[in-house]
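Structure in structure tokens, see below.
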Amino acid sequence: MAEVRGFFTPKTATGRASLVPSPPWHYSGDLLTIEYRTDPERVAELLPAPLEPAADDPGAVALIWADWQSCGDSREELLDPVRAQYKECFAVVRCAYQGRTYSRCVYIWVDKDFAIARGLHQGYPKKLGSIHMTRPHPYGPAPRLKPGAKLGATLAAGDRRLAEAVVTLREPADTNGFVNGHPMAHHRWLPSIEKDGGLALDELIESGAASFEGGTPWAADADLTLFESPTEELAGLVIREPIGAYYRQVGVTWDGGTRLTG
Amino acid sequence: MAEVRGFFTPKTATGRASLVPSPPWHYSGDLLTIEYRTDPERVAELLPAPLEPAADDPGAVALIWADWQSCGDSREELLDPVRAQYKECFAVVRCAYQGRTYSRCVYIWVDKDFAIARGLHQGYPKKLGSIHMTRPHPYGPAPRLKPGAKLGATLAAGDRRLAEAVVTLREPADTNGFVNGHPMAHHRWLPSIEKDGGLALDELIESGAASFEGGTPWAADADLTLFESPTEELAGLVIREPIGAYYRQVGVTWDGGTRLTG
Amino acid sequence: MAEVRGFFTPKTATGRASLVPSPPWHYSGDLLTIEYRTDPERVAELLPAPLEPAADDPGAVALIWADWQSCGDSREELLDPVRAQYKECFAVVRCAYQGRTYSRCVYIWVDKDFAIARGLHQGYPKKLGSIHMTRPHPYGPAPRLKPGAKLGATLAAGDRRLAEAVVTLREPADTNGFVNGHPMAHHRWLPSIEKDGGLALDELIESGAASFEGGTPWAADADLTLFESPTEELAGLVIREPIGAYYRQVGVTWDGGTRLTG
Amino acid sequence: MAEVRGFFTPKTATGRASLVPSPPWHYSGDLLTIEYRTDPERVAELLPAPLEPAADDPGAVALIWADWQSCGDSREELLDPVRAQYKECFAVVRCAYQGRTYSRCVYIWVDKDFAIARGLHQGYPKKLGSIHMTRPHPYGPAPRLKPGAKLGATLAAGDRRLAEAVVTLREPADTNGFVNGHPMAHHRWLPSIEKDGGLALDELIESGAASFEGGTPWAADADLTLFESPTEELAGLVIREPIGAYYRQVGVTWDGGTRLTG
């Protein structure tokens, strides 16, 4: 009898066809982060037990655009960039578990299948979307990385625009926000194949970067608008009060997490 | 503490954002099936224990193009067709488990995220691809549904063409092939979040159509070519001998399956 | 010195790379037509001299979704359907020139480059868009072609939804509308390469189908919504009064037109 | 009678819907240039009279990948980046006209409609394609801008890969190549709307950057492969001998050209 290989499906004799290689996964990217406060109940209703609202600032939300190049340890994807490049936009809130504060991604859209597969593994609730963000550039009309630079960012899915923002850089800063700064507390759920069979997989896991490097963050002001869609609930995280906005270039390695429950 | 709803992620207070609704899932579609024999070892190496090669014709492969409109019980997706329409191309082989013959999808490409999510649930090893197939039409240059009609079909992924075929209709027939005619035996695998932690989910499941209706199948001759790609192994199912080809319009409902092991 | 061949660019020694072959161009397709009245001034302001508003019903608009398979005389595109299939959505009004009534396409979105090139030639003001329309189907959940069948249709461009409609079939009919039923009066404009140089090409042309066949039209009721966008003016054709809606399958050949002025 | 406005179609009372604004057009971008020699006859056959092969090095070809952000004078596209960002891959050769050496783009693929429209105006023979190139990045696995950095680049169209390259940076350099360094000599052709009516527009035009700024070019070594396609002739520019490769970030403004003939 055969043994099949591959971190993810499809599994084969060689493992070569796997949609993603085994971790560690390495990422180079540009992050545009917009933080604001929504009604704390809008966050609380997205936190299934045993998660609880964060004790401090429980209505804080980060909406983050990211333009990534990513790869496995072989780094071969970087030389066939259709396999390495993707963009995403995701909403992060905070929560508490056993007295510790976690970040948690509640909505996320990406534009490549390998990113969906990694999200399945990591507990990110990924959908496909169309994501765009202005890139600073040293020449021509695109903005330089300096005070006053304006960066646009948009998100669409299902042929509807879901979010758009204009971010104006203010000055170098110490951080690029606090909402996405904790370890992630994510669920990994898969329904039973049996009708009305409940969940076949129901884990709460914790994960975070195995290593991180980043450039100087820039603090910014943001003008953000969310739009309704019959299939999305991002706009339910209504904008009550701006907190801040940030731009930063980063390098990250992800290499697994820890099961908390399940 | 909150309870979240939704068959799939993202889960929310309402369940409205779920990437797919609960089964049953209903499908209307056109199928173009090409059956051929490959080296039986190429099939056997894709069958992890406890699956075994089918006793009869163990090298038989079906490569199937499908142009679908699908929905949940509310049928609302059909009126916003970007949420209902998708195309797929998939390779099916046969295998045996406990003396019974099963079909098994070993490779599959789709062009929408909701189809990926359903595949995760059903054990289809889905990737994104670009899939095209000629549609018969009663007027103008497109082929009528009659003897001699020629239908083209192509598959690409990662900006590389993986398969192309021309199918020539011969005559009405009794079946649209035998390779994909059994219940499906699929694995549902998800790696542990812990590094080198093995599998968190490792199920062998069986599923098939809860109901089926279809038009008269057409028998056809096919000219099929598979292409190499560094990230795909479809071309490893080398074409040794043609079996037949078929065109058929069908309606299918899927409503869950049965766990065999795991 | 060399001579280059090809109906369109890029032109080469063989002509093989031309984005489109020489006419005649042949089309098989499904049309969903929604007719309504807007303010006649909204139409009149889109009709440059020497065109004038149509004498009869000058505010009539047809918004048409079409799902096409198309090819040149070789018909080879039909067997590599990524080169044949495309969808479009377009707005047609009526106008008068020298006492004769013409149809005129004022906005149009398509999803393939060969369709853009043909539009350049024929005077259609094409942009890229994402176009979807429900297809009737004999099996499964998709609608049968019968009274009460509901078909959805949507248009998006620039990651924004521009139009959405639900059409409910009523009964077989004699026509599929009147707004798009005349020869087309289109301009072919290209600015001078010289700055502030006016127009290098400024032609008013007439064209229509060289041959046409079609199935029984279906009359329908439509619920249509248009959405604003900073880069589009379709929503300026405000809906004042519905006229009717239609579904029809057609076959068309286009083989050139006539220059009226320029 | 109405007057319609807009640099390009669709033209309206306001001009707002025009697919592109009036020049000047401004560009920020990253260029990856690979220069090689093909058979001079392969270039000569792409040069219609009155163009002649360049006196010097008549088989030189530049294949250039570019990742752009572009806009009109309002710069508003930069804040809605789906309207500003596009990628392209294009092949440039050299030619002579009246004793002067020109560059000439013979094939080009882009991924947005506004880029197609600008190409129509400027005489670039644009098609849609899928274009990817590795971006240097200061953090994570993506390459730093330094000796030894490897950048991948790929081109596909019609679901087939047409070109792929790996470029290895060597050292800062004085130029980023010579093939694309002259004013462009392009034809602007549009066939007559009348069947067999010849050309309605047949101009030879010259154009170049109205202003240019750029960073330090990097010299590189390249490994380039071209692939056959039934609808493309890029692979006809067979690679006989490498010349060099270059990476450079640039800012460009284009503001019209000059008609040479027609």
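Side notes on the structure shown:
In order of appearance the chains are A, B, C and D, and numbering begins at 1 in each one.
Throughout what follows, contacts are C-beta pairs under 8 Å (C-beta built on N, C-alpha and C of every residue); 3 or more make two chains touch, one makes a residue touch a chain.
These numbers come from a predicted model, not from an experiment.
Among the remaining chains, those touching chain A as well as chain D are B, C.
Between chain C and chain D, two chains of identical sequence, the interface residue sets overlap for the most part, with shared numbers making up over half of the total. Among the remaining chains, the Cα-based centre furthest from that of chain A is the centre of C.
Chain pairs A-B and B-C differ in how many C-beta pairs are in contact, and the one with more is A-B. Chain centres here are Cα means. That of chain A falls 40 Å from that of chain C. A straight line joining the Cα centres of chain A and chain B is 30 Å long.
Separating the centre of chain B from that of chain C, both taken as means of CA atoms, is a distance of 34 Å.
For chain C, residues touching at least two other chains, in rising order: 80, 82, 130, 132, 154, 159. The residues of chain C lying in touch with chain D in their complex are 1-4, 7-14, 16-17, 19, 23, 44-52, 76, 80, 82-83, 106-108, 112-113, 116, 120-123, 125-128, 158-159, 187-195, 197, 200-201, 203, 205, 207, 230-233, 236, 255-259.
Of all residues in chain C, only 130, 132, 154, 156, 159-161 touch chain A in the complex they form. Remark: chain D residues 26-29, 69-71, 75, 78-82, 84-85, 130, 132-135, 137-143, 150-154, 164, 166, 213-215, 249-253 touch chain A in the complex.
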